[in-house]
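In the two complexes that follow, chain A is the common piece, with chain B as its partner first and chain C second.
Our next item is the complex of A and B:
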């Protein structure tokens, strides 16, 4: 699997999950989640596998639109899965 | 070896198929009528299923459900019925010496039903509850939604039981009119299997035939219109799990590649050694329940995949399923995998035909829908003839059609799902 992109997507998922699970003392803001997703989008790796950039874009839109955290997490997991499928081809 | 079954043309256009299984203690008899929910327009949606329920409410000779049940259960037998999209079946399985009784009860319910107005109202409430119950079972309801996508605006895409609106409005006249039009001898195939003498059952059947033998006209059976493209239907519910059905139109039961299609389905998602189970559940841990299924009708069919998954993993699971489908359309199945799928398919068929009931249904279904009967050996040989190249070609053909997907779960929008199937 593409290394750096997977690491950054997992980090974004962890942030979203901590909101979804209402875990941790520190409040995570949508801005922080959006920043984490933008970090992923900065990598050229995400263009090497089809749909990864599009899922990340959808996730970013979902954050901007105030969609539930679970939905954002699902879209990020889909990006991660697409990256994995791309690596296995 | 000759065919173990006999086919008799009966007066009025009905047919009788028998198979003697002298070593058994039971005889099963099936009355199968061509028709089913596919022949219903929107207004009459659910009437075939409604009639099937009402036929057990009482006849002129056995005026209550209890008397119908007692007649068969009193000798240890079973009686039941089912409505499908292209047929309705009534069946009984009785100790062989009571074959005449079982046959008499079946004739009684399909010819002498009272269709009492009070029974109709009571049964209407039961069916409405049945429809609501399905809506509360997302793993079933998602398949209904999927069929709506596969056959939009067509009776095949509708629940066999109809809609709450149509069932609420069906009148006794509607019911009588539909039953009179479809419960006729040319639409009937009777199948019997077990410890029976062919001449005995032939004589008993002939003496019971009293349905009308004329047909008003050839019933127009409309083919579903072509699909316009991939579609996603998300029904938002706060469920703990996401329930997803995805798939595409596929082959009819008359298609020459139907056996290759069945093997494609088996390799993909039937059983715990299938690709979906091993890869999506065991290797990736994405879903608790993932399997494929198919439906075949006279001129169409579909391949579907069901996924029960953590909502967060829903789109990822869909992507993984799509990857498995693509693999099957791009790479031939390994010889060992194909051999395993063939043994699975053949074994299931042989197990189905262990009972007199299984044989009676098998014969009747073939005679009614296919117009000819293949022996089990002929059917098994057709499965054996399928090659890995056939399976890949079938997978390519199925996947060349637009993917349809229904989803029930806590989802605010469908973008991730649309992306997964290219909609």
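Our next item is the complex of A and C:
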């Protein structure tokens, strides 16, 4: 489905932001964030635009390495940006 | 007597821009309209009572970390081709950077998404200057502050309705900082309770009556 990758990336970003902003109304684990990123990587759509898979892979590595939430978020924003650029070209 | 010139699309925006530069509140200043046109209003804002100023608002760096963050964001905006002023909000904890200028809607984005991304990048950039767990908040034209104020009002209205009807109310999907503002606004109310349901980014706050056992 077109745009499904953007939806999934936004969901992953929202989860990460929830951790970073300390919303205080949920317990998000790194496993859940990693699952959300893997959900993005499952889509073939992420291969249609260069760098999207690479950024998602870097975000997944960042979660595994225990990098700060803002770093993970920034990498996911980069993936979303690459996807948008691909869509506009 | 300190004064600053402020520009904006509306009188409020122009005054806010000058207040941010002066790091002052409205009650301590005198506003003089220099020019008023449909596309731009220019004002001169003068601090009337120096003794009422917050001591930390004196010129000079608020602290080293805040200045480092401010300089980095200024550089980032310059690279983005955005003309805007960056100032450190006085007395704010955590460190809060206010970005002000004209036509900064693009920096805020849909439901504050771009602003949130800017904050993430800023925190990664200034991370080495910060202690573990310390963060920098980025605000554009006081968007976050205005949204927090708005959602707190929504929370109060919802609480009043819940008290009248006894039925729970589910609010619109909100960002984490907005949900947090609602929980904080209602945590002291003995008659209502707030909780969140759903998954990001469609997570919503539910305001409901507090059960007798919870009171």
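Methods note: the second predicted complex is superposed on the first by the 86 of 89 C-alpha atoms of A that agree within 3 Å, B and C clash if a C-alpha of one lies under 4 Å from a C-alpha of the other, contacts with A are read in each partner's own complex, and residues count from 1 in each chain.
Please note the rule applied: a residue touches a chain if its C-beta (ideal position, glycine included) is under 8 Å from a C-beta of that chain, and two chains touch if they have at least 3 such contacts.
Quantities reported herein were computed from a predicted structural model and do not represent experimental measurements.
Colleague: Of the partners chain B and chain C, which touch A:58 in the superposed model: first, second, both, neither?
Modeller: first
Colleague: Now for A:85: first (chain B), second (chain C), both, or neither, which partner does it touch?
Modeller: Touch status of A:85: first partner only.
Colleague: Look at A:4 in the shared chain and tell me whether it touches chain B only, chain C only, both, or neither; answer first, second, both or neither.
Modeller: Neither partner.
Colleague: What is the contact status of A:15 with respect to chain B (first) and chain C (second): first, second, both, or neither?
Modeller: In the superposition, A:15 contacts chain C only.
Colleague: Pick one for A:74: touches chain B only (first), chain C only (second), both, or neither.
Modeller: After superposing on A, A:74 lies in contact with both chain B and chain C.
Colleague: Using the superposition described at the top, list the residues of chain A that contact chain B and also contact chain C.
Modeller: Comparing the two interfaces on chain A, one with chain B and one with chain C, the shared residues are 17, 20, 68, 70-71, 73-74, 77.
Colleague: Please give the residue numbers of chain B that touch chain A in the complex, ascending.
Modeller: Against chain A, the touching part of chain B is residues 311-320, 323, 410-413, 415-416, 419-420.
Colleague: Mind listing the chain A positions that touch chain C in their complex?
Modeller: 10-11, 13-15, 17-18, 20-26, 68, 70-71, 73-74, 77
Colleague: So in the complex, the part of chain C that touches chain A is made up of which residues?
Modeller: Within the complex, chain C contacts chain A at residues 116-117, 119-121, 123-124, 127, 135, 175-177, 179-180, 183, 195-196, 199-201, 203, 205.
Colleague: With touch defined as at the start, can you tell me which chain A residues reach chain B in the complex?
Modeller: 17, 20, 51, 54-55, 58, 61-62, 67-68, 70-71, 73-75, 77-78, 80-82, 85
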